[in-house]
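In the two assemblies presented below, subunit A is common to both, partnered first by subunit B and then by subunit C.
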Partner chain A sequence: MLLYKGWLESRTRFLLSAATIAGLSALFVFMNRDARAAVTDRDVTYVQYLWSAIYKGYLRDIFVVVVLLLGMGGLGREQAYGTAGFTLTLPVSRWRHIVTRAAIGLVESTVIALLPAALLPLLSPVVNETYSWSLALHFAVLWAFGGAFIFSIGFLASVLFIGEYSAPIAGVAFLFAYSIVTDLPGVERYVIDIHDFMKATGPHGLSTLATITASAITLIAVAGRITAKGDF
Partner chain B sequence: MLWYKAWRESRGRFLLTALVLTAFCLFAVLYEPYLQAGMRIPLPLHLSKGVHSEYIFNLIYSGQAKGLFALLVIFLGLGGLQRERSHNTAVFTLALPVSRLRIIGTQSALGIVELAVLALLPAVLLPALCPLIHQSFPVAEALHFSVLWFACGIVIYSFSFFLAVVTPGEYTAPVACYVLLMLHTVLAQWHPLKPYRLNLMWIMGEYRTMQWDTAHTMLLPPPLSWTVLWVLALISTAVFAGAIRVTARQDF
Partner chain C sequence: MNYVIETHDLTKRFGTFEAVSKLNLHVAAEHVTGFLGRNGAGKSTTIKMLLGMTRPTSGSGTVLGCAITDTKENREMRRQVAYVGEDKQLYAYMTVDQLIRFTASFYPDWSDDVAQRLRRQYQLPGNRKVKALSKGMRTKLALLLALARRPALLILDEPSEGLDPVSIEELLQTLMGIAAEGTAVFFSSHQIAEVERIADRICILDHGKLAADLSLDELRRDYRRITLGFAMRPPEHVFEVPGVSRIATSGRQVVVLAHHNTDEIVARAHGLDAASVDVAPLTLRELFLETVKASNDVAL
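Entry: the complex of A and B
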């Protein structure tokens, strides 16, 4: 039942986001002749163009913001709507609420991350081009893990900032500051730049995947702990 | 009283957005020597690095600060009675002895004032902060970009406002508005549309219209295009009118 509640609360955002990512992926494939020069400013191959437009540029920016917004909601917002009391009277622990909401968000962000990987190899033959499944899946994995980390930032922000729309603004600001700090000389060696990771221009080995997973779990656990102690 | 109500509802978002923009301007200016030395700043115009005005242009007016402004303006525009309906307070607001037009009009007017303040922030901060690092930035150029940020920001704001009126759910409108913003930048690059420069982000950042002065020390913007400003004002007015019309017919 909690899963269904979580789905009902997030489905509009998810479906809108998924439709946008899918639609733009298709658009970039079909408009590749027109958009190639505009996106890259130089003569590039089809695969390089798709990387610039989708995995490095426009679509990644959209993915980051929509996944961040998927993390919004929770008992803090329910308190503002006056429904937190009803939710908390359900015979389940607050941790279960948190874990269920996180699980739905992570599944949704993973599905969105998989969309370009499914569409690019399928649609490319339509415009007489090819895009390998292995490359598409490689980026899908990077986006799924990167998306999980960004989702967890939004998730924690939604617990820390319960004011209306304060959480997404704080989440965007944090992500922005984080991307600047990780580019600073000296810092870049010790902190993973999630944007570089998702573009596959930074480290993206197994240890990086493990670090990102651990970071995401930690952020969600912190959000859970704050919620468990919160007074609603 | 309606002004105060609208201010109470939007001040958190406004102050947070102002804080973020101020922090970024402070960071960009005060850390310029450090950043110029080693940071991987993306240069949208692929111009040579090293000149102060170019650095400010690349980082603030045509770079990250511009993107941040456009993104955060979306959240500023989220208001309207639909939002109040989900909080079950719409009926109380509608019980006030004023028309729906006045309620919505006050909200949007205050939002436009807040937007103007946000657009002016870099114009106030940059000329004031640059002397601290023994540099200068012309006020006229800063105001030029403030006008562009305001004109384009008001279009984004109006669409956000409209989408908040027509879509249910707290986060549907910001997602839809952001998607629309990104979609229009892609469509503006489509070959038949490209010559018309319909991309708001290009207009805000004077993309590929900046020119060096004769001494090659200062990047200068072209004169403001009043036609473009009028078109932007017309678009936003039409969208606001649409939002007001929809609100007037909604059943709360």
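Entry: the complex of A and C
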């Protein structure tokens, strides 16, 4: 039933996010002839255009924001809403609350990551174009792992900052600072740039996937430990 | 005596502020215990520590024999304890029926019969979202969720806060009903009239310390306000005998609060040629105000 509660809490955010990502993915496909010149200033192929519009640019930025917002919530927010007392007096460990919320968020961010991958190959024939399933799947994997990392940042931010606006602002600020740091000369060799990873211009082999997974798990575990030890 | 709640030097500090200070609390089973105190006295912090929501800075405690600082024991304890918080906030996005089903899933002893009976009695609309319920209705729903799990101990934090008189009456009736069935009730309040009506024991907390712990029978039987009138201002120390908790002199009148030795005080007053002697039982309101006042005087 905790899964049910978690779903009810996040479903509006998830459905709106999914509708936004799916709708914009479809829009970029259907408007490809008109939008191609606007998105890139060069004469590019259909596949290059979709990469620029979706995986490199606009839609990726939106994906980052919506996944960050999926990480918001938890016992900190419940404390602000006054429901933490009810939740914490259920005969359930705090870790179970944390793991459940993390699991729901990760599944939701993965589903959103899969939406462009499912829609591009399906809709492209409608506009007399093709988009390979293998390429779509490749980017789906990158977005799913990148999404998990970004979700974990939002998850930790929602534990550290319980204000309604302070947590998302802190999450966005962290990602902004992280982007600047990863672009510094020399740093890029040691720190994975999640944006480059998601657009497949940076390293995205198995070791990178493992590092991102470990980072996401670590951030969620830190958030869990803070919650488990905290006063409500 | 069998205790459902016991604490030993339970202390909670927030920085330099000591919200609860070396609290030694004993709450008896099968009793309704009122937990009185002013705003900020430490009642809610104590309840949160008992339920594992807040960690004590030092000291220890048990609820139904389970250590409050042991996460595993605390979780087991929460299966048998129901809690209704001060603001009665519940998941706003659920309907009444969804919340009942959700809560029921955590308690093996959940009684659907009790839940359905209370839902009808409280006239709670099953398909209405919690966010659309009034505070009175939310309180009733919180009580339903607490009682249908058939707890051994019911803890309530300011249960009547924000309720209209009719809802308060229904709440008190409910609490008296479940107490009669053997459930121990521990509730914090600063509504003295309510406490006096349904509690059989009271604990008064002030500045985080236990200032009084007695039964209402003891209060009625032993505690007296002795008002003495004299022709001229008498020496206060004459009335300083064991059992006197407070002596207040105003001009030629002396008021003595005592829980022992009333006869001795009256005899000493007559020995000083008192013009008038009036002995009256102490009300809970008077005891509370005097206890808090005495505690403040010591603090000052």
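Basically, the second predicted complex is superposed on the first by the 232 of 232 C-alpha atoms of A that agree within 3 Å, B and C clash if a C-alpha of one lies under 4 Å from a C-alpha of the other, contacts with A are read in each partner's own complex, and residues count from 1 in each chain.
In the analysis below, a residue touches a chain if its C-beta (ideal position, glycine included) is under 8 Å from a C-beta of that chain, and two chains touch if they have at least 3 such contacts.
The model shown is predicted, which means the values in this text are computed figures rather than measured ones.
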Side-by-side fit of subunit B and subunit C on subunit A, or clash: fit
Touching partner for A:Tyr58 - first (subunit B), second (subunit C), both, neither: first
Partner chain(s) touched by A:Ala170 [first = subunit B, second = subunit C, both, neither]: first
Touched partner set for A:Asp43, first subunit B, second subunit C, both or neither: neither
First, second, both or neither for A:Tyr81, with subunit B first and subunit C second: both
Subunit A: partner with more touched residues, subunit B or subunit C: B
Which superposed partner A:Leu69 touches (first subunit B, second subunit C, both, neither): first
Touched partner set for A:Tyr4, first subunit B, second subunit C, both or neither: second
Partner chain in contact with A:Leu24 - subunit B first, subunit C second, else both or neither: first
Contacts of A:Asp34 with subunit B and subunit C, given as first, second, both or neither: first
Superposed arrangement (fit on chain A Cα atoms) - minimum subunit B/subunit C Cα distance in Å: 7
Touching both subunit B and subunit C, residues of subunit A: 81-82
Sites on subunit C touched by subunit A in the complex: 48, 51-55, 71, 75-76, 78-79, 81-83, 85, 87, 89-94, 98, 101-103, 105-107, 142
Residue numbers on subunit A that touch subunit B, as the complex places them: 12-13, 16-17, 20, 24, 27-28, 31, 34-35, 38-39, 41, 58, 61-62, 65-66, 69, 72-73, 77, 80-82, 163-166, 168-170, 172-173, 176-177, 180, 183-185
Complex contact set, residues of subunit B against subunit A: 9, 12-13, 16-17, 20, 23-24, 27, 37-40, 46, 64, 68, 71-72, 75, 78, 83, 86-88, 167-172, 174-176, 178-179, 182-183, 185-186, 189-191, 194
In the complex, subunit A residues that touch subunit C: 1, 4-5, 8-9, 81-86, 88-93, 229, 231-232
